[in-house]
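Okay, so here's the structure we're looking at.
A, B, C, D, E and F are the chain letters, set down in written order, and residue numbers restart from 1 in every chain.
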Amino acid sequence: MDILQLIQSNLLTPIILFFLFGIIAARIKSDLKIPEAISEFLPIYLLAAIGLHGGIEMRNTGFENMLIPMLVAIALSLLFTLNHYQILRRLGKFNIFDSYALASTYGAVGAVTFSVGLSFLKNQGVTSEGYLAAILAILEPVAFIMAIFLTNMAVSKQIRQKKQSFTKDDTSDIEIGIQETKTKLSQVLHESVTGKAIVILLGSIVIGYIIGEEGFGSIKIVFDEMFTGAIVIFMIEMGIIAGQRLDDIKKVGVFLTAFAVIMPTFNGVIGVLVATAMGLSLGGSVMFGLLLASASFIAAPAVLRHAIPQANPSLYITSALGITFPYNIIVLLPIMFAISSIVHNG
Amino acid sequence: MDILQLIQSNLLTPIILFFLFGIIAARIKSDLKIPEAISEFLPIYLLAAIGLHGGIEMRNTGFENMLIPMLVAIALSLLFTLNHYQILRRLGKFNIFDSYALASTYGAVGAVTFSVGLSFLKNQGVTSEGYLAAILAILEPVAFIMAIFLTNMAVSKQIRQKKQSFTKDDTSDIEIGIQETKTKLSQVLHESVTGKAIVILLGSIVIGYIIGEEGFGSIKIVFDEMFTGAIVIFMIEMGIIAGQRLDDIKKVGVFLTAFAVIMPTFNGVIGVLVATAMGLSLGGSVMFGLLLASASFIAAPAVLRHAIPQANPSLYITSALGITFPYNIIVLLPIMFAISSIVHNG
Amino acid sequence: MDILQLIQSNLLTPIILFFLFGIIAARIKSDLKIPEAISEFLPIYLLAAIGLHGGIEMRNTGFENMLIPMLVAIALSLLFTLNHYQILRRLGKFNIFDSYALASTYGAVGAVTFSVGLSFLKNQGVTSEGYLAAILAILEPVAFIMAIFLTNMAVSKQIRQKKQSFTKDDTSDIEIGIQETKTKLSQVLHESVTGKAIVILLGSIVIGYIIGEEGFGSIKIVFDEMFTGAIVIFMIEMGIIAGQRLDDIKKVGVFLTAFAVIMPTFNGVIGVLVATAMGLSLGGSVMFGLLLASASFIAAPAVLRHAIPQANPSLYITSALGITFPYNIIVLLPIMFAISSIVHNG
Amino acid sequence: MKLYTIKLLTITCEILAQKNIIEILKKHEITGYTTYEVDGNGARGLRGHGLKTEKNVKVEVIMREEKLQDVVEEISRTLFANFAVVLYVSDVGVVRTEKF
Amino acid sequence: MKLYTIKLLTITCEILAQKNIIEILKKHEITGYTTYEVDGNGARGLRGHGLKTEKNVKVEVIMREEKLQDVVEEISRTLFANFAVVLYVSDVGVVRTEKF
Amino acid sequence: MKLYTIKLLTITCEILAQKNIIEILKKHEITGYTTYEVDGNGARGLRGHGLKTEKNVKVEVIMREEKLQDVVEEISRTLFANFAVVLYVSDVGVVRTEKF
């Protein structure tokens, strides 16, 4: 099992090559771009395809064995988010808002990364547990919700401290402040759960489960056979966006750059090992690791911009999309595959 | 032949399930939506695919036998439109403008409904006559044109009555009014006939007829094999739009809600029986019934907003899209299929 | 080898029929149109597909033999551009700006025409050399760069002449003028070379070369099997745009209309013969001829509007898109095919 | 560079009324205008979601004061009752008055 | 046809702040507005490229002067610090003041 | 909340001239602007149909009066002859003048 060889064979797939191509196109300032309507549609399509596939698999294999992996995934995601926060706040000296925003960005999951992972496995002729798509859907909001909850707690505490020091008659104002914070939390919760990614993913899982292999026949060409081709097109745009962000990496700083590479590696490897210990298959363990390694860059800004508006969005978007995403799909994915192969065959 | 079982087996297809999913997504206020460019393109694609398929079929089977079904369809469409008008005006107490607008919305046909019908038959392993696509194209404007003509007649009459009661020297004004009305009619006629739905449908039928099965080979994957997958994607958006309209159903009132369910049932069942009597196949009779049962919700606003601007568009859009369309594809389609099966095997 | 029959069999393909259909739709003022996002995306897709295919072919057959055809193509393109200029300026009495703009529009190549040519050959069961896609990419900017260079030379000369006749102290102004012209040239060069068409084409060729037949497997359905269907959809829009331009042809004048038909024929036939002499295959010679015959109508306005803003864009767009493009794909393509067949079998 | 004061008429309306607006402009021999699709909310509810026919469009016309009265009057008379329309007028300065 | 002077408030902001703006309007009982997506450049850099969340939106509100002060004040207070926002006010003439 | 009067320059032009406009702005050290694609009709005929290169774009710039003259002059001089361009200037009120 030669990791370098695996990285190389992973590099030379259409998905990675078109991603790199997109980066180059952006760097040479080409006017190439995938029209917005297409690049907005593709994630919806990819999630529908993932969901249908996951649902059909779950019907075939049952989802009895799903509960434990899901709870473990949620627990790890929460744990990792707290861990990220400590590292960012203590070591990185980021302010409280940026720390929580970044912590949850890396605690959350990336649906695009997941798609690439599935294609990678397909290419290696390896399958994975269908219920992982459901875990993807459930993990999406978990880290955000916790980070937002903790941020609000911190802000309320600050306000309450101010209140005690002043003890003026502006009490009602502060009450309203806390009230507002609470409303916001429930709003953000609603927004996260009804966000398009989760909705289309869960919906497709349910539909896949209902229709099964047979009902899937008439739409298989669109939702299965075209999957990799569609990712390739999406990767061009992802590459372009990542390429445009490369300049911003300097602004992100050395600490966050290191964080954006080391943290996913740590989370991902633990994920692979834990999944193996829980009895997931070789491919399933890779995907489980990838879930934990991946950072969110499509859902993150949409949620965090409202929930923690004080945080600087270019920090979390740039590091997740410009550093972690390329690193994950090019380097870490084959590494996790190698590790999973060793622990599954050893 | 168990209708309930058929409804159930129809409900559990990807098309219906994704439609219901779209409704749910809209109801929980998810931000999921299919980008406009995609949802504008899909009807064009669907009509091209329907047309090509119809044209190829017509080449295979000849269109000698097409004339009678077409004339009967036109006659029924006109008859039904008049019937709708009487019911809406007399029983429903709608004003003259709303009555004509609604009458023609239900007298016209729905191309999306037709697409779903074709997929339904495919799923049941049943074929239908290719020339029905041509009837779809020709029926599109028929009901509108009559309704607009009758509305203009009614308006002219009102103006002329005013003229007789006043006999002032504003005669020229009235003449101009009538003149304007006539210009408008020819304009609306041109608009209806050059509307994109009819144009792409007729064009594709002709092209399908010319190229035949053989010439179709190189584009079969796009225009045939991807058909159901494309409908599924379109159904998500249709579901979302229908879901957003559900609140408006209250405004539509009980009478129109009942009308939107009973009228299509009546028209559709008559359609199936008449088609069977004319010798159409089991599947062809279902599609013939569906043509008459369906209401127009894409073409209707585009045509009626100019032709009968006094009518309230939310009445005809909401009832056609929010009530009749779901009812037709979920409930009525399997009912008509059951009836057609009985009368064809009996 | 019956040319008329070939034209006819070429006319009755979906590609040509949908193009004609688009023209008709525009002429009857139908509101049919392919949404912008789709018609912007399709050329990117087509070029990616052409590039991948070309790259894979080059890997299979090597590109040792590519150098000579490429140099010959560049030489012919430059020669033809100069020739066009003389004809337009001397015989056509066009001003210097319009002459250079038109000369380079016809000296450059048309990627859409190339796509149609590939489909035409596929239909005839004939293959062509993969490296022609690379020649397409390299030819794209050649004619523009020369025309822009010559235009700038001409403008500088005029300015210098003025300078000598005045010999005032506005020398520095003129220096700045020349300086500006030079900056502009390098800017235009950069723009041409980083233009999306060239970038996606070259990128896809390289990726195709790297992944080879094997790596292509997973995306073959999207980037190969759907190719003709995608062109068909694009042809509808091309037809609509060409149809909308038909009125402008009168403004273009008899001379340019004749030029737009005769010149491509001349260039194309020479291309076929030269290619045959260089040992290209039957299909390769047709494509080589088509490269030289085709005029640019997507890249041309984007480049020339900045490079030669004094030229009237409706001249070069209308003649290239409204006259030459239809002529090339309907009439000239089969003629060149017939000639190539004769010289290859004779 | 002197700027001359002229009127800018802006009309926000449902997309299906755009044709009517353009026709009114043409009738008054106004051939210069700019249009773009917008979303909106107003007395006729949220617009811009769902079907294409439920979008809004903005039409902007730079024009001389002389014609303004008639155009505004005709739009008000023929469209206000049946269509979702909002219009407003503002003063702008232009370089080339002869264009309008 | 008399025109009545009224205020037009135009807000250009990052698309994710649109919701906040609409809420502020709603809070002040303003339900009429027009929105459309735009690109832009400003203190927070080039916007409109890349992810959908990095687009800008323009919100235009025709409103009476009475409410203007409060709305502008609330937008300034709650959004200027954390979001990319630019706003400006102009005078326009309308036919039907009762609509606003 | 006091509003300060400032200028809004609006340029409607063919999309291929956008680059030239932005360069002129940059030359005058103006980095704040908003752009969006529009359709239109004018002396150079109907625009916005067909090829992407035949669309129009609107560029809006809030700027101080000082620079306005020079920018308008340069656009007029370099672009009016060869490109489809319409520009106009209006007065608007802003909260933060230091932004412009």
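Keep in mind that, in the parts below, contacts are C-beta pairs under 8 Å (C-beta built on N, C-alpha and C of every residue); 3 or more make two chains touch, one makes a residue touch a chain.
Since we're looking at a predicted model, the values are computed, not measured.
> Touching both chain C and chain F, which chains are there?
none
> Where each step is a move between two chains that touch, what is the least number of such steps from chain B to chain C?
1
> Relative to chain F, which chain's C-alpha centre is the most remote?
Relative to chain F, the chain with the farthest C-alpha centre is B.
> By the contact definition above, name the pair with the higher C-beta contact count: D-E or A-B.
Greater number of contacting C-beta pairs: A-B.
> Could you pull out the chain whose C-alpha mean position is farthest off from that of chain E?
Chain centre farthest from chain E's centre: C.
> Give a one-word verdict, same or different, on whether chain E and chain F use largely identical residue numbers at their interface, taking over half shared as same.
Under half shared, hence different.
> Taking each chain's centre as the mean of its CA atoms, how far is chain C from chain D in angstrom?
The separation of the two C-alpha centroids amounts to 40 Å.
> Where the centres are mean C-alpha positions, what is the separation of chain B from chain D, in Å?
33
> Please tell me the distance, in whole Å, between the geometric centres of chain A and chain C computed from their C-alpha atoms.
43
> Going by the contact rule already set, what residues in chain B reach two or more other chains?
In chain B, the residues touching two or more other chains are 33, 35-38, 40, 221.
> By residue number and range, which residues of chain F touch two or more other chains?
Only 36, 90-91 qualify.
> Judged by the touch rule stated earlier, which pairs of chains are there in contact?
A-B, A-C, A-E, B-C, B-D, C-F, D-E, D-F, E-F
> Quick one: which bits of chain C touch chain A in the complex? Just the residue numbers, please.
35-38, 40-41, 44-45, 190, 194-196, 199-200, 203, 206-207, 210-211, 215-216, 218-219, 221-223
> Mind pulling up the chain C residues that touch chain B in the complex?
Chain C reaches chain B through residues 12-14, 17-18, 21, 24-25, 28-38, 119, 122-123, 221, 225-226, 228-230, 232-233.
> Sort out for me which residues of chain F touch chain C in the complex.
The touching residues are 14, 16-17, 19-20, 49-54, 82-83.
> Give every residue of chain F touching chain D within the complex, in rising order.
Listed in rising order, the residues are 10, 12, 36-43, 48, 56, 58, 69, 72-73, 76, 80, 86-91.
> Under the stated contact criterion, what part of chain F meets chain E in this complex?
Touch list, chain F to chain E: 1, 3, 6, 8, 31-36, 62, 90-96, 99.
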